[in-house]
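Look for subunit A in each of the two complexes below; its partner is subunit B in the first and subunit C in the second.
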Partner chain A sequence: MAERIQLKNISGNNLEQCLKCSICTAYCPVSAVEPNYPGPKHSGPDQERYRLKDEKFFDEALKMCLNCKRCEVACPSGVRIADIIQASRITYSKHRPILRDMMLANTDFVGTMANMVAPIVNTTLGLSPVKAVLHGVMGVDKHRTFPAYSSQKFETWYKRNAAASQDSYKKHVSYFHGCYVNYNYPQLGKDLVKIMNAVGYGVHLLEKEKCCGVALIANGLSGQARKQGQVNVSSIRKSVKEDHRTVLTTSSTCTFTMRDEYEHLLDIDVADVREGLTLATRFLYRLIEQGEIKLAFRKDFKMRAAYHSACHMEKMGWIVYSTELLKMIPGMELIMLDSQCCGIAGTYGFKKENYERSQQIGSGLFRQIKELNPDCVTTDCETCKWQIEMSTGYEVKNPISILADALDVEATMKLNS
Partner chain B sequence: MDRNISKCYDVIVVGGGITGAGTARDCAMRGLSVLLVEKFDFTNGATGRNHGLLHSGARYAVTDSESASECIRENMILRKIARHCVEETDGLFITLPEDDISFQGTFVEACRRAGIRADIISPEEARRIEPSVNPSLIGAVRVPDASVDPFHLTTANILDARAHGADVLSYHEVVGILQENGRVGGVRVRNNHNGEESEMRARLVINAAGIWGHSIARMAGVTVNMFPAKGTLLVFGHRVNNMVINRCRKPANADILVPDDAVCVIGTTSDRVGYDTVDNLEITPGEVDILIKEGEKLAPALASTRILRAYAGVRPLVAADNDPSGRSISRGIVCLDHESRDGLAGLITITGGKMMTYRLMAEMATDLACKKLGVSKPCRTATAPLPGTGGTDGDRPGKFYSTAHNAARGRQGNRVREIEEQRAEDRALVCECEEVSVGEVKYAISQLHVHDLVNLRRRTRVGMGTCQGELCACRAAGVMCETGKEAREALADLGSFLNERWKGMRPVAWGSTLDESQLTATIYGGLCGVDRLAVDD
Partner chain C sequence: MKYDIIIIGGGLSGLTAGIALANAGKRVCIVSAGQSSLHFHSGSFDLLGYDARGEVVEHPLDAVGQLGPEHPYSRLGKSGVQRLAAEAKRLFNRAGISVSGDAIANHYRLSPVGAMKPAWLTIGGFVHSSSGTSLPWKRAEILNIQGFLDFPTQFLAASLKALGVDCQVKSFTTDELSRARKSPTEMRATNIAKVLVDKDSLRKVADRINAISGNADVLLLPAVLGFSDGQSLDDLKAWVKRPVQYVATLPPSVSGVRTAVLLKRLFAQLGGTMLVGDVANGGQFKDGRLVSITTEHLPDEVLYADEFILASGSFMSHGLKSNYEGVFEPVFGLDVDASGNRGDWTRESLFDAQPYMEYGVHTDEAFRTFKNGNTIDNLYAVGSVLSGHNSIRQADGTGVSLLTAFG
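Moving on, here comes the complex of A and B:
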């Protein structure tokens, strides 16, 4: 009897699997620069015990957490440290989102409005008096420039220029484009359609797509995030289960949010469709490895690019797919930058109270890029792109855009026909 | 502290548990000159090895109405005088499908007779107010149980005894009772740190040594028939419940789950043991199994919650005087006047009872002492707040205080303002699991009779958290060195502290608890060589 009871009594409480080794704290980009942040171990599994006793033990300093998940990557015991921190913010934080947080978080709404009057918005947001107001009144740091809004949404372009031809392909995927592609940078979506079409895949939009909600979660709007997440998951489910179309993405953070954060922080069940949602580079790499598709590249393409490992790519363990794919381009010299957080963490770095910390966190990365002086930087995350472009002046490209650029479309179509 | 060991005290109190500490306080408050002696550390016996439950008395209502009435009276008193040691959680008495629901009526009726508020609530309501409770319950009664910290309660009593002029000596063991002309005139004590013996004189000796009171009485040539009953408990890694959960049936094994600080505790077993085992209690796998098996009936989440450690204490049960065989054992308070009972003047024994009725026990013993010494001052301990509860904490409402500050206030109460936290060095944490700062450690060392790391643990919770000393033990030893302890001594202390932690983990060493202890052993043994250094020196 003794044996049985003791074998059964193994803690299912993730926080209790923490052995206090503190490796997470050694890897935390915030702890490295911010002495007032208690660090992941202490903010997560340690203080959670006290929060369970009394919510007065919730420390608002936890909002300094970037949710980069590097602590979880480092943890040898599989403790979901950042999840514990984020969940406690959702449960206990008394800090209510201010107007700025609502605006930064509601990428869908703000994006839709901005698209309609894009040139005005882009110009206006760049004006010094506007920046001063944003900084002083709204709390958006004056050093930040909002990513430019596109005058045509990706969805509009797709419906006008691509939708009609997609059914003619033999194989099909769906595309979760995300807010950034839709409102700010439709070219990345176009690049993906170009590549997928070249290898014989039709690309379709989801029945309904909402912002993945990462910014809502980070800004204390988890209720709205949950609603949007449910819409996305049911669309993804329809695509994967009924239409048998894998859902591709070009943003590592949207992907990570939907695959992991939905379940861990928003209680949305994604287990049945999780494997049907993947980053485009991973999907392509796997097809190539299985011999299902082939890529042909332009002979004249030459590039010296530095790859930046976005935190959520590190967490998913998917960096290798993007980098291996890039290395297939004959004219590519790919340099791996040290894996470190750039400091932006989505909307985090836009807030004036975080600006300095955000830049300090990224300083090592910026220095390394400047020393290497590549043609461009490449990364799978759009917010890393803004941060690196703003902080170094180097252009940052998504691997899919580089691939599309280097692709010999006609030769590729021939190889895959 | 001013110790005038050559003087003759009015009273020497033997035993640094809660009863001795409370008695020393009461005597001192009534103007008696008092010496409290304890052979090891305060709370080393049953005081530090129980549930930490502030009984409402409901548990005894059906079987022992006198104890029940005592409990509810003391419960209400302690909430006022020791507010900082009490967490007003309330408790549930739940009826499970296998229990007889008709007992509930008997129970509630008995509670009311004893003056204990007992409200029958629906199972749905019980699940709502205490989500961890076994969802299959068929009945629940809400009673004013609470959680109390016996370590800090004892500390507060000792501080107040001192504030009223008492002298206090820990690590001083009574090795003989001085007698002259047929009356007790003091004690012979041995300093357990250096082995030196000395004599302490007093007009009266009060034996408040718990189970060890048996030996004290024997040294005086009188007999107090004690029957040691071992109770084993398990500490879980975090709270699963925020209310005390009991079974609504006659008291049995492992039917109380108490939320204490950041953990929860299930207990107890109850086994009569030989007197020769009381200094070295072994915990058996069978006891651990019963505790888990019965515990998960109260709160199913316990089945998959990490167990930090197991510990056992001994209840000092006393045989009624008219029954030396021990068949009729009282759980009530026993106050013996050895002058009238045995013809030996100058000795009083106060024993039996419960941790939470300590104040009443102290009052009874002190009343008797005052009578013998011709002092007529009334007892004030029921209304005078203990240090930590009295006064104000100085915290400003709305101002942000660190987690460590809030945690320290939970332990030291309003005395938190005596903790240095101006300098970053003092705000730094020694114990991350339990939020103990360098400042709090220094405060404990200078004010709370701390000689070693075990003492420090009992005053501050250093090493009581999930890591069981893995990260904090060496830091705490470092602070002790800074405040004057010899490095060699601190190193030996570190080794024995870690061994003491391991002793409690061993009966439950599986899963993460085993992993943790392995890591601790690797750090201290493999990396730091603590075991070797201690031996080499």
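Moving on, here comes the complex of A and C:
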């Protein structure tokens, strides 16, 4: 009896485990620069007690939370502080997304439209009068440059150039490419296909893929996020359960959203397929360690790269996979940057009201990169890539792209045939 | 994944062991579940502050011989404690953590509420005194930042007066500090440290202090400077005209955060791997040895090592847990030294020595652990998770964490 009572003493998101030690406040990137934000302890477990009594205690200032999860990584008591904050925004917020928020959040819709007329969109978005309208009327900060839209979607490239040959491989994986690869940077998807094919795996698209929904959740559109999430999970389930194909990703945030946020924030059950969805660097590292595949690298490859720990990579605990994989490249000198938030947090830093805060949060990181002066920066997150490129001028590459570049394809194919 | 050594716990003890082993050329991985109790750091490190009767220890090395056989120091011996204490000081030095003090004789630190406590090493720039009943000044000024509540100046002033120091309390602010005060719950030492990382903001603090301070022998300031290095403590001292000394604040502790940051940085520089925010949740044993462990974030990843070190801390850090059934070690279910009778765990008076404080993992002469009565040959325990010492009663916590980690 006594033991059963103790077992029942578990609260949502471990709320009751909070000791009030305040360690989370020391690691909150927003608290450090924004005194109008009440901080993770107060916004999360402290105020939650009041909100449970009466929703009038909900504070709209919580929208300043980046959902970077660094409070959760720091918490010694396992309290899911950022989940408490995000869940309360979903439940209580009266704030309705404005047109700007909907456009930033609907990556699929906007991306599809933009791809069709990419040269015009890219040029137009770069023009000063357009930036002025975006800034003044829409609330998209004028300092921001939108990542260029590609004239060909990754899916289109795949269907025309890659799809036909994928069945010829003995082993197979699926690929959740995400919006960034599809609309802005298909090269990363091509790099993944190149690596997987070289080690003997065919790469397939999911039956249906929607934006993971991270931007929808952040912009108060959780209903739409849930619908898209259900589509993704059912495609992933088909791939994992029926086709026996692990689903690979090249974006840490999409991965984190689908593995963890779907369940914690959107009530979508992913338990049965969670381990079938993984970051490509993790999948490759584990195959190499198990002796299932081997990689051969170009002898002339040389690079001094600085690794940036994206917040959601840190939360998943998977940084070790990407960095160990990069360290396997003989010509690679890898420097670990201090783990800190870059400040962009997806669409957050694109908003006029957040721009200054966003840059202040990342300032320590930018300074460190400039001091180290590496050949390039590497990170698993595409929005960190934009932020660091915009703020430092250094090129930022996904570990998969570096690996593809360093790979000796013919020698690798021989090793794995 | 395969390492030479895997350490469970990334606090003072785990990091110390990690640095020592990585420095010796080993491939080391630390699994760390959240930040550590260093965030409650007092600004000083203790070796042995009080004997079994609660009397202040003046010469810790001499007092080691009088400890009971169950105390971790008794297994190191007086010469071992002396050698390892010197090694700990070298490690701090190398990591860029400036400390003063010596294992031969304790000095005294000033607690945030003004009590004088015996200490072994104190962070550079903090108040310390060779005597526990006097301070080397006639007149002091306590200067606090307006709106900073984790520095109880009235207690401090009353204590200093009792020690014969004439004391005045003043407060100041600057534009940047007033701005930080907008969110009262966030006006904590660690956030102030981040505001004052900026040199211009710190310069304005120095200007304010120079404007309001009189000609006291010393200006006492809350220790709110230096989140990731000690530069701003030195800068402010140089810019303020009167002598400045720092007094520890209530947690979160800036000196503790800085110690953690600097130790982690050294560990990374030596090639160590750290899995942060991850929890070790079990191990596979074979023939009296631990073969591998798993963690919460990497459920299907088996982490192999030749040797393992458990540095998971005591009850506060969840290295030990209890329920109605008993006290247990949650990762592996190792044997613990603890009474099976719940009534024995505590004494009624809060200020008595609490028996549960001495509970911990049972180890042999070489700090090897036991499971179901059998030694685990390659699983060692270090630091606060060890049984046989009481860090509150005897002020030996950080010493045990540091010294056993080198072993």
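The rule is simple: the second predicted complex is superposed on the first by the 404 of 417 C-alpha atoms of A that agree within 3 Å, B and C clash if a C-alpha of one lies under 4 Å from a C-alpha of the other, contacts with A are read in each partner's own complex, and residues count from 1 in each chain.
Everything that follows uses one rule, which is that contacts are C-beta pairs under 8 Å (C-beta built on N, C-alpha and C of every residue); 3 or more make two chains touch, one makes a residue touch a chain.
It should be emphasised that the depicted structure is a prediction, and the values quoted were computed from it without experimental measurement.
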item: Touched partner set for A:Ala32, first subunit B, second subunit C, both or neither; value: second
item: First, second, both or neither for A:Val233, with subunit B first and subunit C second; value: neither
item: Which superposed partner A:Val320 touches (first subunit B, second subunit C, both, neither); value: second
item: Touching partner for A:Cys75 - first (subunit B), second (subunit C), both, neither; value: second
item: First (subunit B), second (subunit C), both or neither touched by A:Leu15; value: first
item: Partner chain(s) touched by A:Ala280 [first = subunit B, second = subunit C, both, neither]; value: neither
item: Which of subunit B and subunit C A:Ile23 touches, first, second, both or neither; value: second
item: Which of subunit B and subunit C A:Lys53 touches, first, second, both or neither; value: first
item: Overlap of the subunit B and subunit C footprints on subunit A, listed as residue numbers; value: 2, 6, 19, 21-22, 38, 41-42, 46, 77
item: In the complex, subunit A residues that touch subunit C; value: 2-3, 6, 19, 21-23, 25-27, 31-33, 35-39, 41-42, 46, 72-78, 275, 286, 289, 314-318, 320, 324, 336, 338-339
item: Subunit B partner contacts - residues on subunit A that touch it in the complex; value: 1-2, 5-13, 15-22, 38, 41-42, 45-50, 52-53, 56-57, 59-60, 77
item: Of all residues in subunit C, those that touch subunit A in their complex; value: 1, 33-37, 39-40, 179-183, 185-186, 188, 190-191, 194-195, 228, 251-252, 257, 265, 268, 273, 275-279, 295, 297-301, 316-318, 323-325
item: Touch list for subunit B against partner subunit A, complex; value: 237-239, 242, 259, 261-263, 285-286, 288-289, 292-293, 303-307, 400, 402-403, 406-407, 429, 432-433, 435, 465-467, 470-471, 510-512, 515-516, 519
